[in-house]
C-alpha cells in the first residue's frame, strides 16, 4: 500500500463532490417550481394584494371546476414590478397591479391581451373604471378593486368646529395641527402633497419637489403615525387619532359602528385608485383564467368579497347593503385624479429618507 | 499470536519530535512492559501501534504483515484505555458485546461469549448494570473484557491502573498476569510506574524523555544491570557517584573527587571503559551496609553523617552526607523487632559495599 | 462565614427583581386578558368573549401560515442538525478541524444583513423566493447555533470514545451512529429545539427571503399588525405564548434531566 | 488495479464528502451573498449586462445628513440600550444566581419564557399598555392625575422602551449563566481576607463576570443596531434606523446598490464598535485570554441557563 496518493485524483474527486452538493442544493431551491411544472393538473396561480380574494370562497370555484387556485400575495407595486421585470411573471397566471404600475407593465410589453368576448360581465363594469388613461380600451386590464382617496376624521374630537374640506387639515398646522395619521407610502403621500400645493400637475420640477419635501418635514411634528390605510382605519376606529388620509371604501365599515367618523373629499381633489386584473405574457392556462374571472366577477362572489373586505364592487347590480357612505357620485369621481407616474423612484426615496431621518 | 516489530519509527507533533528513529521488537505471547517518564513518547508509541496516529516515517509489522497504514478497525490489536473510555450510554453487557455486534455475530453467540468473558474477569454479577454504577476496579475489568473478547493478537494497555488505589492496583496486577497466562496474547503494558512494570513484565523496555529506547530486557536484568544512568535512576532508586576510571596494573579503581579511590569491577562488555574516562558509579541503596561500627570484608568503605531518617515500614531509609557533600541513600531492612544497633540523627556512620554490587555506567 | 448582608442587597435586589419581572410580564398578561375582549376597535375592556378564538380557528390563512412555519422550522432543524453533526464529526481531529470557526459569523452578523445578503443571492441567481429559500435561510441561522454547540459538546466528549469504537472494529459510520450520536443527543436535542423556536419566531429573515409569497406566522402577524391589529392577533399571540411555555418546559426539564444524569 | 485505486480514493474522501454539505451551505448562503453585496455596492449596472464600471458613487451618496443621522441614531440607541439593559439586568441576574435558593426553576422558567416569545407579540402587547386608551392612560385618568390622555406610543421614547423590553432577556441570560457558575469559595475567601460587601463585589464578582457582561452587551447591541421591526410598529414609522433604511432600500425603493453600499458602510460602523469594545474588554480581562469569538459561543446563550445547576 502506498502512502502518497496522486493529488490529481484527489482534486478531481473533491471537485466533483463539491459540484454534486452544489447541484443538489440548487435543485432543492428550485424544487417548488419543478414540482409546479411537473404538476400539469389544471391550476392557476394568482398574485394579489392581501385581503382582495378570499381563499375560503375560492374553494367553491375549485370544487365546481376542479381547477386548483393558488393564491400568492405581494406587498407593494414595486415588488410586483421587479418580479414581472425579472422573470416576466413566470409562474403566475393573474396579477393585480395598481393603475400606475399597470401603465409601466403595458409599456414594457409584459402583459397578454385580454379576449373580451370570453368575459360575460364586461358590460356590467362601472363606466368610470373602464377606459382610463392607462389602458384606454381595456385591452390588458379588468378593474377589480377601487377606492377614492380623501380624508376621514372623528367628529367627537372637534366638537362643532367647522371643518374646511381641504388637504390643509393635515398638511397645514393652522388647519388642525393635531395627532394626524399620515401615509406610510412615499409615492402616494408625495402626490397628495403635490395635489395640495400645486393642484393638477403632470410634471414636478426640482423646485416643486423641494417644496413638497419642506411641506412633509414641516408636517412631521404633528404626525402621530405614518401608516397604511388599514392601520389608519384602525387608529381612527379605536379613537387614537382624530384625522388621517383615508380611502372611502375602507372606512365605510367603521362608519357603520361609529357615527362620529366622517369621510371628506378635499376640494383640491382626491385620488382614484384602481387595481385591475392583468395576465402576464408567460401564462399557459388561459382557459382556466377566463373561467376564474367569470366566477369572481359574478354577483354573489362580488357580494361576498366586497362585504368581507369592505370595498366597492366594480360591477353593477351588487348591493352595498348597509353602506353609510353613499356610493361615490359621478361628481365626486370627476374631482379625482390618478396617482400618475410623474415622479421617479429615486426622487421618492430621497424625499422619504430625508423625511424619516 | 504474532510479534510486533517497529522499524525506524519517527513521529512529530507540530514540528516537535516525539519519537525519533525508534526500532523495537515486542516478542509474541509475552507480557511486555513499556516504562518511561510521563510526557515521554510511550502513549504515542501505543497509539501508533493501535493506529490512532500515523507515523511520519518507519514501518510497523504485526508478524510479517505491514500494518503501518492499515485502518484502525482492521488491525487485530485492541486497546485498554487509560480512563477506560467505556461507552456511558451502554450497560456492561452492551459495552463488552460491542465488538461482536459490529461483526454482526448471532445474538446467541454474542451472549454466550460475553457471559463467558465476564466470568473470567469476575463480573458475572454485574452484567446489566450501567457503567456509572460500577466501581473503578469493575470498570477496569469491563474495559479489559471489552478488549479481549475480540481475541486480538496484541492487547495494548495504556496505564490501565493509574486511576486505581494502591491495594486494588496490586490485586489487578496479579489478575492481569494470570489473564495473560491463560490467553497467551501479547500484552503491551505502558506505564510510568516502575513498580508495576517490574511486577508484571516478562520483558520490559525503558524509554527516555526523548522517545528513545534505552534498554530492553527482563525486569531482573534491567534492575540489576542498568545500561545507563537514566535507566539506573528511573528503575528503582540509586546513588550515582561521578569519577575518573583508573585502570593500571590490573587494578581497577575509580577516583572520586573529595572521597578518594574505590575498587570497581569492570566487566568485559563495557568496551567504552578505558583509563581516564569519566564514568558514573551506580550503587543501589539496599546494596549498601550501614553501621556505626567498623566492619571488615567489604571492598569499599566510606564515612558519613546521617542527615535524615525516613521510616518506610519494611525498611528504613538513611540519607547520609559524605565528605564531598553528596547525599547517599541507604536502605536497611527492618528485620528485627528491636534492632541491635540504633542509628540516630547526626550520628557518624560507616558505609560499606561490595564492588560487584555497584554498576559502572558511561557518563 | 458570609458577612452580614448590606441593606442594599437585602431589600433593593428583590425589589429590582420583582420590578423587572413585572416589567416583563404585565404587558403579556394584559395581552392575554384582552384577547378575550369582545370589542374590536379598542384597547379598553368591554365584555368577555371567545369570538376571536373562533375567528382564529376559522381562518384559512393563519393555519396555512402555521403550516408553512412548521414545515420551515422542522426542515431547518433537520437539515442544520444533520449537516452540523456530519461536519463536526468528520472534521474534528482532521485537516479540516478549524472549519467550525466559519460558522460563528452567523450569530455575530445582524440578522438583517444576513437577510439582505440572501435576498441579493437569490435575486442574483434568479431563484424564486418561496418555501425553499426560507428553509435555506433558516438552516443557515440554524447552523450558526448547531455547529458551535455540537462542536463544543463533541470536544468535551473524550475522543477516546471514538478511538475505542474504531479500535473494537467499528467503521467511522458505525461509530457515529452507535457511539457518538447517542452521546451527543442531549446537545443535539437542545440545539434542535433552539433552532426550532428561533425559526418559528423569526421575522426579519423570513420577511426578506419569502416576503409575501410564503406567509409564515410571524410574517402574517406583522402584516396584520401593520394593518391595524385586530384582536385575532391577540388570540393568536396567546396561543403562541402557551406553545412557547410548553416548549420551554420541555427544554428545561430536559436540561435538568441531563444534569441529573451527570450527578 | 485502477478501479481499486479509485475505490480507495473515494473511501479516503468520505469525510470530505460528509463535511461538504454544511460547508457549501455556509459558503453559498453566507460568504457568497457577502461578496455579492460587496460587488453590488461598487458596480454599475447597464440593463441586463453587468457593466464593468467600478464606482464609489453609492458610497459617496451616503455621505449626507440624512444617512449620517440615521446611523448615528441607531448607534446611540444601540449603545444606550445595551448599557441600560446591563444596569437593569445585572442586579436581577445577581439576585437570581446567588441569592435565590428555593423556587429557582420557577424563576428561571419565567426568565426564559420572554426569550422564547415572538418579538412581534411583545410589541403587540405593549400597545395595550401605551396607547391613548391603553392601561396607563386609563389608570391615570381614573386617578385624576391627568385629564387628557397622554400620547405614549408611537414616538422615539416608546421605541427605546420596547428595545429595552425585547432585548433584556438577551442580557440577563449570559449574566445569569456566569454568575451562577461563579465559585462561592472565591467570594468567601474575599470576605475571609477582610473585604466588605462592596469591595468583594468590585474586586471579585464584577471582574469575574466580565465575560458574561461582554456577551450580553454584544447580544443586545448587535440586533438593536439592525433593528427595524420596533420602529416600524411602535415608532409610528416616523424615524428610520439602520435596519429600516436597509429594508427601505431593498424592499421599498428597490435601490439595491445603494442599499448594498449602505449595508456595507453600516457593517463597518458595527465592526468598529466591535473592535473598540473588544479592545476595552481585553484590557480589562487580561487573565482570560482567548480568541474574541469566545464571547459569542452559543453556550452562553439561554440554552445553557439550566445546566449550571
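Note that the chains are named A, B, C and D in the order they appear, and that numbering of residues resets to 1 at the start of each chain.
By our rule, contacts are C-beta pairs under 8 Å (C-beta built on N, C-alpha and C of every residue); 3 or more make two chains touch, one makes a residue touch a chain.
Being a predicted model, the structure only gives us computed values, none of them experimental.
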{"item": "Graph distance between chain A and chain D, where chains that touch are linked", "value": "1"}
{"item": "Chain whose averaged C-alpha position falls nearest the assembly-wide average", "value": "C"}
{"item": "Chain C and chain D: spacing of chain centres that average the CA atoms, whole Å", "value": "15"}
{"item": "Geometric centre distance via CA averages, chain B-chain A, whole Å", "value": "86"}
{"item": "Chain centre separation (chain B, chain D; CA means) in Å", "value": "57"}
{"item": "Chain A and chain C, separation of their C-alpha mean positions in angstrom", "value": "34"}
{"item": "Multi-partner residues of chain C (each touching 2 or more other chains)", "value": "42-43, 123, 136, 211, 226, 229"}
{"item": "Per-residue multi-chain contacts in chain A, two or more chains", "value": "25, 75, 79, 227, 238-239"}
{"item": "Touching two or more other chains - residues of chain B", "value": "none"}
{"item": "Complex contacts: residues of chain A adjacent to chain C", "value": "25-26, 28-33, 50-51, 55-56, 72-75, 79, 86-87, 91, 227-228, 230-235, 237-239, 254, 257-258"}
{"item": "Touching residues (chain side chain D, partner chain C) in the complex", "value": "14-16, 18-19, 21-23, 25-26, 28-30, 32-34, 36-37, 40, 88-89, 91-92, 94-96, 99, 105, 108-110, 112-114, 116-129, 131, 133-135, 138, 165, 168-169, 188, 191-192, 196-198, 218, 222-223, 225-226, 228-229, 232-233, 242-243, 246-247, 250-251, 256, 259-260, 263, 267, 270, 293, 296-299, 301, 303, 305-307, 309"}
{"item": "Residues of chain B that touch chain C when the two form their complex", "value": "50-52, 71-73, 77-79, 81, 83, 85-89, 98-99, 102-103, 146-147, 150"}
{"item": "Contact footprint of chain B on chain C as seen in their complex", "value": "158, 160-161, 163-171, 174, 178-179, 182-183"}
{"item": "Of chain D, residues touching chain A in the complex", "value": "5-6, 8-10, 12-13, 16-17, 20-21, 24-25, 28, 65-67, 69-70, 131-133, 151, 154, 236-240, 244-245, 248-249, 251-255"}
